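Chain lettering (A, B, C and D) follows the sequence in which the chains are written, and residue indices restart at 1 in each chain.
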Amino acid sequence: MVPVLEAAIKQYFKNIYHSLYSITEGMAVTMSYMFRRPATIQYPNKLEKPLENQLSDRFRGILQVDINYCIGCRICENTCPIDCIAITIEKNKETKERFLTRFDIDISKCMYCGLCSENCSTSAIYHTKVFNGINRDIENLIIRFVDKPTALYKLPKGSDPMETPKDHYGAILVRKMKG
Amino acid sequence: MKDYADILFEYLFKTSIESSPFSLAWYILFIFLVAGVLLFFAANFAGITSFIERRIAARIQSRVGPNVVGPQGVLQWVADGIKLLLKEDLIPGRADRFLFRAAPYFVFSGLFAAFVALPFGYGIVAADLNIGIYYIFAITSLVVVGIIMGGWSSNSKWAMFGAFRSAAQIISYEIPTALSLIPVIMLTGSLSTQDIIIAQGGMPWDWYIFHSPFTLACFIIFFISALAEGNRIPFDLPEAESELVSGYNTEYSGFRFLVFPMAEWANLWVISAMVTLTYLGGWQIPFVSLETISGSPFLILISVGIFFVKTSIVVFIVIQLRWTLPRVRVDQMTLLCWTYLVPISLVAIVGTMVWMLVFPWDGTPGLLIRLLMSGIGAAACLFYIKRIRFNYLNDKLLFERLKGKPSWYPFWRLP
Amino acid sequence: MERSGNADLKHLKPQIAPFREEMILNMGPQHPSTHGVLNFLIVTDGEVIHQALPNVGYLHRGFEKLAEQTPYTTFIPYTDRIDYLAAMFGNHAYVLAVEKLAEIEVPGRAEFLRVIVCELNRIASHLISTGALALDIGATTPFVHWIRERECINDIMEAICGARLTYNYMRIGGVSRDINESIADQILKFLDHFEPMIDEYNRLISFNEIFIKRLANVAVISQIDAVNFGLVGPNLRGSGIEMDIRKIMPYSVYDRFDFDVPFGEGFKGTLGDSYDRYFVRILEIKESCSIVRQALSKLPKGNIKAKVKRKLKIKENECYSSVESARGEMGMYLVSDGTDKPYRLKIKTGSFTAMSIVEKVSQRLMVADLIAFIGSLDVVAPEIDR
Amino acid sequence: MTQNIFNVLTQRFGADTILYYEQTSFDPYIIINPEDIQSICMYLRYNPELKLSFFLNLSGVDYPDREQITLVYHIYSMALKTTCVLKTSVSREFPELESIESVWKAAGWFEREIYDLLGVSFINHSNLKRILLPEDWKGHPLRKDYREEPVYHDMETTRNNLLETNR
């Protein structure tokens, strides 16, 4: 037989064999998944534990500020790449004491980069594990952390920059979020 | 020749149709009732299959699938259907309004008319036509008319692509579908669906699939071309969603859109039932003769069950194929048809003819070969199961180490 | 009022004056498989494409202009968004450029951590790329399986740097967070589980005959064309040219690892076809796994961040530094002028040059092939437009 | 290595064209005359010894104080494993120079980008029009003196800062 023809015929049957074999292999893979544990679960009805507990501690959720620990250095405001933090500090002319009168964060603008919390020396601003900020009105997503003028925190002399007890569940935040 | 519906009618009402004009009216009403039952079955089957397909697909993709509407989500299809019914029926501007509106009806009637000739059990068939198979082919071709009408009249280039592809596909694949059934028709000597089943037996070696290597090849060819006729992956070119957005039904919405997927899932039943009745022994009960079945309503029910189970298994395989395989290209689709399916089925027809002469059905060599062929089939199944087991064990321990949960989670365990 | 999109189309149309039997098809930007907002203006005769003109710019966000207004240290989060599927490489290319200019020595541990996260990110990006290609071909399941594996990487990334997509992990002079024993253990567990999954994936789709037939011999890019059009990364290596920034201009600590650079050999058809580009990525996933293992075993102890001034100012200078991103060379040309902001930052990405070849190669392809071709090029729309 | 390339080029084209060689700490570059960019690139690419065959990057930098726009060509040689940087400057008012699309096809899109964002027009470019911005966009954003127009097709191009407006 002509070699070309022979090769063509061989190829013809080879193709049939390969098709059937590879399809069987593929179906064996998919069929095996009928016996394997699915990767997903029914959300949110069958969560094993609350989702906040499953997130890692480094998770960067919505920002929260514990104004009692803010020293007013404005690093967070300056380092924010998109200017979503606004801080106003007023000075009492008589007592020379400085007050925090405004600490607003525009959550709708925040891109969760974490630069502010990383640079905060007292960890007054930090990421919670709250990620659900759904709201009807974008204006409700501006969170104003200062209710009444608060005196700035002063680091005790000689002490290292401290860590505030972090509240990953965002108690302040949840209270402040409207709607 | 009397249809089974006629016989049933006479049995139920104890009158002959021709006896009086009054009973003729009853008869027409009765026919409508039968049609209603079939339609009810087809529509519900389509809906339930849509749910089942989504659950199977989910498990194959290691997801959970729809499970919110109703217990375990079984009413999802009702919700989807109601949602689509409530949607606005949009007709694109500059579309051919008449054809656009008419197209779903063609698709609808083409498919549901095919149910008339499909057997569901011993004697359970709306009309046992003596040209049953031929009728099913002819009537399902209406679907492609509907698809072309819908695609062309949409005034959308994507939809038109889908329609053209559909035309090329159905015209090509009608041929191997018909050719690959000729061995069955030769073996039976009849085109009637019931006759084909009756000629086979209950055990695997009595099925036509294992009659000879040629019928086995024909079975595969028929299965492939049936997939193509039903627009299932790997042949879902008319609505290739990653290429043509949604193909011929891109511009449809609301109820008119609902008809297309519904027809697709109803078609799933038609395909699988055809495969079952021609090659897999239909509703035949093992070790039970036809006379025994005909005498006992219980056994008739069993036969219905057997047919249903067999068809469901084929449906499952079709669904699994859809979620396993990629889609072929349009030229590869026709190439596959004309260089592989048609020539091989022609060879298989000649081969079956010779085989029938050399090894008659009832002779000892014939039986031995049929047993051998069933053995090969069983071996293939064993290989398949072995590969499934291999795939499962391959990842079991590592998965358990990673996730800290047991890997075993069979499909009957509902999430 | 005229929208910009229409204006573009009007401009493009006379360029492709069709014959009588041709039609113009507008693919995208809402098409399901253009991998983001891309627009192709296709002239077809039936299924056969005569010409396909890519029309980009839908995701232009002007990062190069933004960089000129942002201090060096705070531009890092933006680099995440250049290529959201492989955000680490944007980080890495940028910090490398700044460190080079500011002459900052990076601690060894930080370099290794960078390699680990980059390679994990490369795996994640290739998973999306190869999975989405299968999705374009019509196989839905492989994509979902890869997404599931990628989810494990996302979990690891979340544990390392706190985010799942826009990591913002690297800092000028190091990285932001260290990894601990449990995370390292998690990475190793994942790799143990993942490596057999590559073979399973190959059984499921890579060696599937239909899949091979759809990709082999389709959209062949010759070596000459690949160089001429400046393809980079897996696309270039798919054409059989062994060029990998990690090997030819080793940055970070890549010269300390033992790994191969897979390149196309015409695995199932012609050299430089879609299947080669696809399979090079699969092989690269394996190599990346091995690099991560090596990096974890060699991980030195020490600092993770060099001391860098908070308000970094760099004297007048310029440099070009590039990394091998998942989509090939990602280069940053950085010009400083003595202030704390870059004077000019030019970002060169792999997808940009990959898109320019579409017009040439797409001729005589079929519509379905064009989709496979774009999928095999692994373009990411934001990376084209930046 | 760039020194070698500089010497080769000076021999071939003369000191009028190849202006000077700048040894900086990172990427040494060669400054050339913009008029001959096409022939120099052609020579570099097809010179059997240099084989600078791979076009890496084309960037443009606007220098308003010098009244110049500098174009920077990064070219890589796969044979020598080295990068060569060419720099050339065109005037800011009439920025024009020859396209090198005929040498490297890859440069075509880079040049379109430069044309779009910096307004440098390239002679003999096959398809020189805006690539990233809409066709009817006014101005070239990467120029240092660019100011975005407040309204584009009735759409405002600025967004209110909610922090300030809602006090």
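Basically, contacts are C-beta pairs under 8 Å (C-beta built on N, C-alpha and C of every residue); 3 or more make two chains touch, one makes a residue touch a chain.
The shown structure was predicted, so the numbers you read here are calculated from the model rather than taken from an experiment.
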Exercise for review: Could you tell me which chains are in contact with chain C and with chain D alike?
Suggested key: A
**Study point:** Pair sharing more residue contacts (C-beta pairs) when A-C is set against A-D
**Key:** A-C
Check your understanding: What chain is the most remote from chain A, judged by the mean position of CA atoms in each chain?
Key -> B
Check your understanding: Centre to centre, by mean C-alpha position, how many angstrom separate chain A and chain C?
Key -> 24
Point to revise | Cα-centroid distance, chain A relative to chain D, in whole angstrom | key: 39
Practice item. Provide the C-alpha centroid distance between chain B and chain C, rounded to the nearest whole angstrom. Key: 43
Review point. Chain B to chain D: how many Å between their CA centres?
Key: 62
Study note, to complete from the structure: Check: chain D positions touching at least 2 other chains come out as none
Revision key, fill the gap. Touching at least 2 other chains, the residues of chain A are 15, 23, 25-26, 28-30, 39
Exercise for review: Mind pulling the residue numbers of chain C that touch at least two other chains?
Suggested key: 141, 148, 200, 203-205, 208, 210
**Study point:** Every chain pair in contact, whichever chains are involved
**Key:** A-B, A-C, A-D, B-C, C-D
Point to revise | Residues of chain B defined as touching chain A within the complex | key: 56, 58-64, 67, 220, 320-321, 323-325, 340, 383-384, 387-392, 395, 399, 403, 405-411, 415
Review point. What residues of chain C sit close enough to touch chain B in their complex?
Key: 23, 25, 31-33, 46-47, 134-141, 144-145, 148, 152, 189-190, 192-193, 196-197, 199-200, 203-205, 208, 210-211, 213-214, 366-369, 371
Check your understanding: chain A touches which residues of chain C in the complex?
Key -> 70, 73-78, 80, 141, 148, 151, 155, 158-163, 166, 168, 176-177, 200, 203-205, 207-210, 310
Practice item. Flag every residue of chain A that touches chain D in the complex, lowest number first. Key: 83-84, 86, 104, 106, 108-109, 138-139, 142
Check your understanding: Can you list the residues on chain C that touch chain D in the complex?
Key -> 1-5, 7-8, 11, 15, 56-57, 60, 62, 64-65, 68, 100-101, 225, 227-230, 241, 243, 248-249, 317-320, 322, 329, 331, 333, 335, 343-344, 346, 348, 352-353, 355-357, 360, 385-386
